[in-house]
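Take a look at the following structure, please.
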Amino acid sequence: MVEYILETRGITKHFPGVLANDNVEIKIRQGEIHSIIGENGAGKTTLMNIIYGLIRPDRGEIFYKGKKVEISNPSVAIRLGIGMVHQHFMLVPPFTVWENIVLGKEITRRGVLDKASICSELRRLMDSYGLSVPLEEKVEDLSVGIRQKVELIKLLYRGAELLILDEPTALLVPQEIEELFEILENLKKQGKTIIFISHKLKEVLRISDRITVMRRGKVVGEVEGRTADEETLARLMIGKTLESPQLEAYERGEEVLRLEGVRLLPRLKNINLTLYKGEILGLAGIEGNGQKELLEIITGLLTPESGKVFYKNREVQHLDPRSLREIGIGFIPEDRQTTGLILDFTVAENIILGRHYKEPYSIRGKLNLPVIKKTAVDIVKEYDIRTSTVDKYVRFLSGGNQQKVILGRELYSEPELLIASQPTRGLDVGATEMIHNLLLSARKKGMAILLYSSDLDEIMTLSDRIAVIYNGEIVGILSPKEIDEATLGLYMTGARKD
Amino acid sequence: TAKVKVGIVYDVGGRGDKSFNDAAYRGLQEAIKRLGIEGKDVEPGEGGANREELLRLLAEQGYDLVIGVGFLFTDALTKVAKEFPNTKFAIVDGVIEGLPNVRSLVFQEHEGSFLVGAIAGLMTKTNKVGFVGGMDMALIHKFEVGYRAGVKYVNPKAEVLVNYIGVTGEAFKDPVKGKELAMSQFKQGADIVYHASGASGEGVIEAAKEMKKFAIGVDSNQNWIAPGYVLTSMLKKVDVAIYKTIEDLVKGKFTGGIKVYGLKEDGVGVAYDKYNAKLIPDSVRKKVAQLRLDIIAGKIVVPSTK
Amino acid sequence: MIRRILINILAPFLAVLLAFSVGAIVMYILGENPFYVYKILLVNSITNINGWGYVLFNATPLIFSGLAVALAFKGGLFNIGVEGQLYIGAFACAWFGITFDVHPIIGIPMGLLFAMVFGGLWGVIAGYLKARFGAHEVIITIMLNFIAIALTNYLVNNPFKEPGQINPIPQTKELFSGSVIPRVYPLFNKLGIDLSSSVPLNYTFFIAIIFCIIVWYFLERTRWGYEIKAVGLNPKASRYGGINPSHIVILVMFLSGALGGLAGVNDVMGYRYRFLDGFSRGTGFTGIAVALLGKNSPIGIVFASILFGILDRGALAMDVFTNTPRELIRVIQAIIIIFVAIGNEFIFRLLQRLERESE
Amino acid sequence: MIGGILSLELLSSALRMSVPLTFASLGGVFSERGGVVNIALEGIMLVGAFGAVVGTYFTNNPWVGLLTAMLFGFLIALIHAVVSITFRINQIISGTALNIMATGLTTFLSRLIFKAAGSSPHIEGMVQWRFPGTNWQISPLIVIMFAVIIISQIVIFKTRYGLRLRACGENPYAADSLGIDVIRMRYSGVLISGILGGLGGAFLSLEHARVFVEGMTTGRGFIALAGMIFGRWTPLGSFSACFLFGLAEALRMRLEGFGIPTQFIQMIPYIVTMCVLIGVVGRAVAPAYDGIPFEK
């Protein structure tokens, strides 16, 4: 029996209106990498939170190393040797890395933090697992990739035997994912057990020993990693097979956007880029190479120090977001919850954001509620947003539906240029497919789309051309048909340049 | 016959200020004891916003005499007195004219302040004395001006330092600033500080005690608060005025109009008691007694405004 | 929808009931008869017309200050400076009223306008400093309170002091009749309601109600209200949505200050007909509690203000008619506020949950 | 004259004025670092001032008064903690209500104990400590204040407790996920603020005035909060801000009588604070979860 490090029996958890976990039984073997996949809202995070003691189940039992355990709070889990990296990082941004790691298990001398011992202990730990992070820096100044590692070290520092990673790769770029997988393999070799949650089936197939599939709160299947393939997994997950999006033939239209020598130090050195009607230009780059600043300049949040941005041959680098929308640019910001939506506004209110001030939504300053409502209802229908009414707060929508609200809002006004940043981050395969189709049909209607994504698969399948940004410069404009992901990676890391 | 009912409404600060309101309370208690009346004392809410309501409630309840203690009642009392012509009213420190059912009890604080100023002027060794006022306004200026005149009258070379605690009603209940201001005056060389600042004066007296200098109290006799450090107190006999008013009512002699309580009427004065018996030399006492007579006789006219 | 309305009415009602029960227990422990005390409280406030008159009179400035705080909260700002804005607004309308002898048709609206504009300008200082320098509005408005009180004190003591006044508290001279907001008793008497002419309730109360509607309309039905709420909820997303948060901060502080300025009108134009130094003492601060109890909604603010009006009136009656020490009344007031807040929150959550589950 | 103004005396006066503010401000730091806004500091100071007098009055020992002040402050803070942490009621409502309660309660008890509502009898203050070998005297409470400032600075930034407390204010969910009892940490921050606020009140009544007067804090709790924000939620910063305020206060007391209307002189401390805030300090960033109830 000791073969299983963790076993759950009959775990059930209700949330108001949702049955998040329904009699869940999973078995995790000692020393394996075990993936759990499922749609958004399938109940994966809830299950993990229960195992980690953050949520109490309504019913059900947990066995750890063969013994029944009551995990009433995270301290108990930590003591048992269970550690968890959460879907939304649980870090304290203004704290330094070492402070974040030791929080809750500090080494002290008479109550005072013993920084010297702490740092030497952490260095020893990092060496033994081949992980390294800058201990003195503040977490808020670090990239997500490094934050991810900080989270891992947090677990290892607490002596975790069973590591739960909830969507650890959602925010990582390919190189970072590669690095993470190496670390995980290494941990596995050292005897650790890992539960891995992801929406990216390729990754799951690559790393897992076994895979459990969840749907609507239930376990619907369990397969061996070696024997599985994408199609079976997708069918188990959403009950149908996926078709990969087909890029139709592409004719270059007239120029829509042109950047000339755009510069904003320290991140942006010299950006030259052109985008044409009816194409999707993929932007690839590792975080911190200037893509964020670049997108913010095009959307009017930042002004470049020098250089020019032309939209349909008109200089626009000095315009603010409102004026840019006015002339036909739409934005899908990277983080839907903090910049894309106002969570405590209703669906309808979110749908008019950005155009709320002009007709037909406002007439002489007065909101035109019937029109707003009608528009919202139309958009909800057209983009298949799952919500009971348009008066529901967006907070209560699932992630996929939240993203569709943003898409609906931006596409409805038929902009000529769409800036889309990470449009499918964190979404399940079904939702991702739907968003891809929406982007493709917009392109077909002649929209120019600048697509930034950290998911290289997405970039490769959707783009007509790919621009790679490295160290504040565009180092190559590539055609996805002529290259593979590895080559793209070379450009992104600066190893190759045109 | 039914007992005569008298209601008193206090000023901000309320009972227990060891000064003004307490004096009013004493007057009422005295009347309850000696005249057998029924008395009720109430206090307006925070900031005294509902003074008028309180006065009206008492009048509606059939009180025979309703007394507002403090100038703050001027407006409200005028209004209510007009509504209840059969009820008698009195106001302390405020002047309401033309209403036969209202008696205004006003005190010549500048006269009393003149006398304590004279004591300070005669006894200062540094030729510097101080004054700490509560809220910066006309009524308190009366104390300042009388005091200054008294100091200068007996000692033209003496300098008078003046500070006010603040510009709101809070200034009457901030002993911390009272003390700090008195200390700064002492440090600047003053050796006697007179206060007219309600409960904030507690701090002035404390400063005198701590720095082993003299304070002069106000309104009630405050000599006992810090024996040996309170030179004397300028008495404002609110208790006497209130008792007299109630007595007049009981005896059917109540009249409207202004009743002035100055030195002549023994409404203000200087406190001599066991606590300051040894502090003030006889020569000073004699001189002050003479000044008092001069003022009563009109030989000295004490100014009351800046 | 009906359910939601029910929640919003039922929750505070049950909460008040709960609060009064707790207050009763405290009184009982202290040896008072709670039934008698509550009887006195109610008899003198809400079971007779005159009592109601006082209650609504007390509530009037609180409605304005509550609205001022709530509007700022909606825009994500904590305006703790209503007290100062109130003084400035009060002085401004008094200044208009003592300077211009005009017909009420002009005088009253102009008086209101002066209170709003100057209160708003006082508020906007904090808004500008926040937008321009990032200075924390809480500190700035606290400081501005002290400065406003000192400034009006200076003005009323020096250039605008009533000549030869008898009231020793400095005050301005009386307003010309054109800027006086009349009392309501003549109208009520005509309608057959027996309101005593001594009750100071005046039309400012109805102006306050109208402003509740205006504020509600502004927030819920205009693009500016939309933008204010958007910035209050998520400034980052608002920037993406083409709204400039700095402009909104300035706008919000102006409007909030304008409402704060109006909180001074009841006393100046509707009651005393002059500016009296230091007349307010705390209305602006009570507005914070009012706004929060009313959950920042105009209708909630009206009810919360009336609750405070009842407590104030009740406190007086308890002082005069019972032996409950007056200080204790304040303690009970505090307990009531806390329990109304707790009860409100709990019942709100409970009903909300029921609603969600039944969906 | 100017020389007389800028003297050592000015500095010591500034220091005295800043002591109660500093204590309360430090209290605010502990409370808000843990994520609870404590606008009740005004009321806490008031009961502290009252407690100090009660304790001293009955025992004639100011040290007992000091303990009583801390106890009273603690009790008010405890109510704040229960209401705003356990019941998750808006922290500002709770604070506002407690401020009202504190004025009522102190006056009520003052009447019960001293038979007078407005003010208490005078009490003996603490024996001043003398600097060895000099004539300089200093109040023990000022010494305690400096000790508390330094200890707070260390506790908050260098100890296990401080690290956990700050984590609860910055991201309670992260703290919770590491097995830290957020509720308990937040309670501790608020309760410490009660004790420190009580000490600040004690300085007012025990050292400054040697008497309790109804409502004698006169808004100092709010100034202390401003000082805390101004000092960017750090003990040393809060002290500097409060000292600056004390300095401006002390200065204004000595500027009167130069022909400037009092009212304008009275404004000086507030204007100085505003100017410094704009010119030097700029954007102050509160702990990210300051004021937000923690809900599991």
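Note that the chains are named A, B, C and D in the order they appear, and that numbering of residues resets to 1 at the start of each chain.
The rule is simple: contacts are C-beta pairs under 8 Å (C-beta built on N, C-alpha and C of every residue); 3 or more make two chains touch, one makes a residue touch a chain.
If you're wondering where the values come from, they're calculated on a predicted model, not measured in any experiment.
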{"item": "Shortest path length from subunit B to subunit C (each step joins two touching chains)", "value": "1"}
{"item": "Chain pair, A-C or B-D, that carries the greater number of C-beta contacts", "value": "B-D"}
{"item": "Separation of subunit A from subunit C, taking each centre as the mean of its C-alpha atoms, in whole Å", "value": "46"}
{"item": "Between subunit B and subunit A, distance of the C-alpha-averaged centres to the nearest whole Å", "value": "75"}
{"item": "Mean-CA-position distance for subunit D and subunit B (Å)", "value": "34"}
{"item": "Chain centre separation in whole Å, for subunit D relative to subunit A (CA means)", "value": "45"}
{"item": "Where subunit A touches two or more other chains, by residue", "value": "none"}
{"item": "Sequence positions of subunit D contacting 2 or more other chains", "value": "103, 107, 111, 117, 219, 263, 266"}
{"item": "Multi-chain contact residues (two or more partners), subunit B", "value": "46, 136, 167"}
{"item": "Chain pairs in mutual contact under the definition given at the outset", "value": "A-C, A-D, B-C, B-D, C-D"}
{"item": "Subunit B - residues contacting subunit D, complex", "value": "13-18, 21-22, 46, 136, 161-164, 166-167, 170, 173-181, 183-184, 187-188, 199-200, 202-203, 205-206, 209-210, 225-226"}
{"item": "Interface residues, subunit B side, partner subunit C - complex", "value": "40, 42-43, 45-50, 52-54, 56-58, 61, 71-72, 74-75, 79-80, 83, 93-97, 136-139, 167-169"}
{"item": "Complex contacts: residues of subunit C adjacent to subunit A", "value": "221-224, 226-227, 229-230, 233-234, 236-244, 353, 356-357, 359"}
{"item": "Residues of subunit D defined as touching subunit A within the complex", "value": "154, 158-161, 163-164, 166-167, 170-171, 173-180, 288, 296"}
{"item": "Touching residues on subunit D, where the partner in the complex is subunit C", "value": "83, 87-90, 92-94, 96-98, 100-101, 103-105, 107-108, 111, 117, 219, 222-223, 225-226, 229-230, 261, 263-264, 266-267, 269-271, 273-274, 277-278, 281-284"}
